[in-house]
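In what comes next, chain A is part of two complexes: it sits with chain B in the first one and with chain C in the second one.
The block that comes next holds the complex of A and B.
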């Protein structure tokens, strides 16, 4: 499973994940509180500089992640051209693009291991309240491990289908895939029990 | 307890796999990914709490930076973008679907699951999704709802498929459905 973290090593890769997340929250809240067009344009320019600073590879990768908001940008542009509220339209589009771009920037410069560490630290208060958050430490790797297994299984099922039929498999593959997931869950459950249960059960906190 | 944890993790992986495997797209001219079908299934098969946990676990992994949403989307940007309401609505939708199947008693497991999917995976999910969209694009809720309403027919189809799949599951593995009364009886008979 390939994370969205950028392989291009930037200076921001070394910054603490918690600080980046806090800065993201502050910046996002700030943008929602202001209606000034100038501030939004400054924010956009700043974000573009941040994306461009580590080089071209990083910039193109970042822009590719931003493509998902394009349909909404187009939609809002048409909408506000029709209603002739251009100022409001530009503001909404800028805010949306800058918010998503900033959030993606944090994801692109933070490794998966640092993010999981952050989750560990952020859930510590819940742990003290007695919530079973330690189960996450078993569940997260399990999901990451089993996504490629299930994807491979789905592809095998699709191949078997194609060997026998000329029609597209579509939703008919889901039932055997779901049965496989349920059976696999029983095996994993037994294997976990045999090995003394999920992680962090007996570990002193 | 270990079995529940494993089922939650495997269903989180299943929701992701349904959004990633191109062969499973439901095509009627326009390809529709099966990701929300996975959310409906999580609620309908695992029940309210475990279904919500599976969808929530998937969202956590997306927030950590894995591209697990349909179309390879992922990262923190998902939670501030225009479709944030739908993403954040996944656990709620699975919970509502599970709540429905656990409390509404109908003769057929498939019908219960299908109606549960309409309630949780469509009614509740679109309510949250449209609310999120209306906040991000700063438009009234009714307008936001009109924009997302084009996807409702595809999701109705997914609710029907959820019903068919759960009906088949009730026959093949009745013990896998904790809420299904016929399942408990069949399990007891086998013992």
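The block that comes next holds the complex of A and C.
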């Protein structure tokens, strides 16, 4: 779910990030306050309309991003079938799908730089307390930059394992992956230093 | 840009040790050549030299002066004086998007957010790559990532560009294209490579072996000797030797 981007420029790209996040916050709170199946279904329909509004390309991309919640939907459905709480199960699944879909929608239509700007503004009070919040401005893009790198690294490790073993690698790759992450951290540290350290810092002496 | 000061790069008895083992020792050189090549085998200390020159490592002994500055101590001068291009772009790219990566260095030079964004656009336009602006790094090819690194470093207008095996693993067309971009850039080059072919156009070449300079001079004789020696070693089995 990291680095969700939209294939097309939508009207929502122009809306302020703060407003979109506030709306997401309101919608989440609202859904948790109600147990009405009808309201949840209405919310789902509304979200689908929002996804469909920018056109077919956006809709298919959005639905593809949503596929990651399917395993959780299946898990919750099975659990509630076992415990025979059908109504509660449907409610929870609907709520989860709607909220993840809405959150994805905000991410897809908001540039990363706007999001970090917002964080910058929201953390202003903490900054006045002397906390090093400027580090967030570099840390957030770093996470988004390196998740795909680590995922790719995990895949090549698994591949190297499978090339010489019939067993599945599983947890045994965690340690080499951690070492790789530390190594990567060293490199990025060097790259940061080569160009002057994290953002928002006062210039080097 | 003209360099009036002579001997802008000065290493004086430079040494660097890792855990007590010397990686570089007794390096002394002074040069004002516009393009400098360093050739050497894997493990000869080339990458360490590149990092020392960029001020990323502190010498264990001796001194380095680039355009008169000690770049390890004076990071501000370092940002205005040198840029370093690492061998692996994955080790260099910090941001998930092309324009952010390029704008980063400009902000480090003290530009405001809008100035830096404007500057990044100008650099991309200068390379005819304005359409890369919103591209995510993960979607780029290896050669394209190299070019992003190059644009990000050149955006800071370094007077000296340090290249640490920038072409390793790239195909011939990609190499040639990157080389063309570099030659066009108005900056001095300090190019480190194990491949003599990369350094044929340099004004001056140094041959580094086991942490020492063993030959220096015009590229023609030095690189010819280097190639002959490498071919001779290729017949032997020094892979068998363990360090230490």
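Just so we're on the same page, the second predicted complex is superposed on the first by the 128 of 205 C-alpha atoms of A that agree within 3 Å, B and C clash if a C-alpha of one lies under 4 Å from a C-alpha of the other, contacts with A are read in each partner's own complex, and residues count from 1 in each chain.
Heads up, the rule we're going with is that a contact is a pair of C-beta atoms (placed from the backbone, for glycine too) under 8 Å apart; a residue touches a chain by one contact, two chains touch by 3 or more.
Because the structure is predicted, anything quoted here is derived from the model rather than measured.
After overlaying the two complexes on the shared chain, residue contacts for A:199 are found with chain C alone; chain B is out of touch.
By the document's definition of touching, neither partner reaches A:44: not chain B, not chain C. By the touch criterion stated above, A:77 is placed in contact with neither chain B nor chain C. Once chain A of one complex is fitted onto chain A of the other, the partner contacts of A:177 are limited to chain B, with no touch recorded for chain C.
Shared-chain residue A:138: touches chain B and chain C both. In the superposed model, A:8 makes contact with neither chain B nor chain C. By the touch criterion defined above, A:65 lies against chain B but remains apart from chain C after alignment on the C-alpha atoms of chain A. Within the superposed three-chain model, A:27 lies out of touch with both chain B and chain C [touch as defined at top].
Of the two partners chain B and chain C, it is B that touches the larger number of chain A residues. Comparing the two interfaces of chain A, the one with chain B and the one with chain C have residues 3, 5, 112, 138, 142, 144, 149, 184, 188, 190, 192-193, 197 in common.
Residue ranges of chain B in contact with chain A, taken from their complex: 1-14, 16-18, 20-21, 23-27, 34, 37, 41, 45, 57-58, 60-61, 63-68, 71, 73-82, 136-139, 147, 161, 165, 168-169, 172-173, 176.
Of all residues in chain A, only 1-5, 24, 28, 65-66, 68-69, 72, 75-76, 79, 88, 92, 96, 99-101, 103-104, 106-108, 110, 112, 115-116, 119, 135-136, 138-140, 142-144, 146-147, 149-151, 154-155, 158, 168-171, 173-175, 177-179, 181-182, 184-186, 188-190, 192-193, 197-198 touch chain B in the complex they form. For chain C in complex with chain A, the touching residues are 51, 54, 56, 75-76, 79, 83-84, 86, 88, 90-97, 100, 104-105, 107-110, 136-138, 152-153, 156. Residues 3, 5, 112-113, 138, 141-142, 144-145, 148-149, 184, 187-188, 190-197, 199, 203-205 of chain A are the ones that touch chain C when the two sit in their complex.
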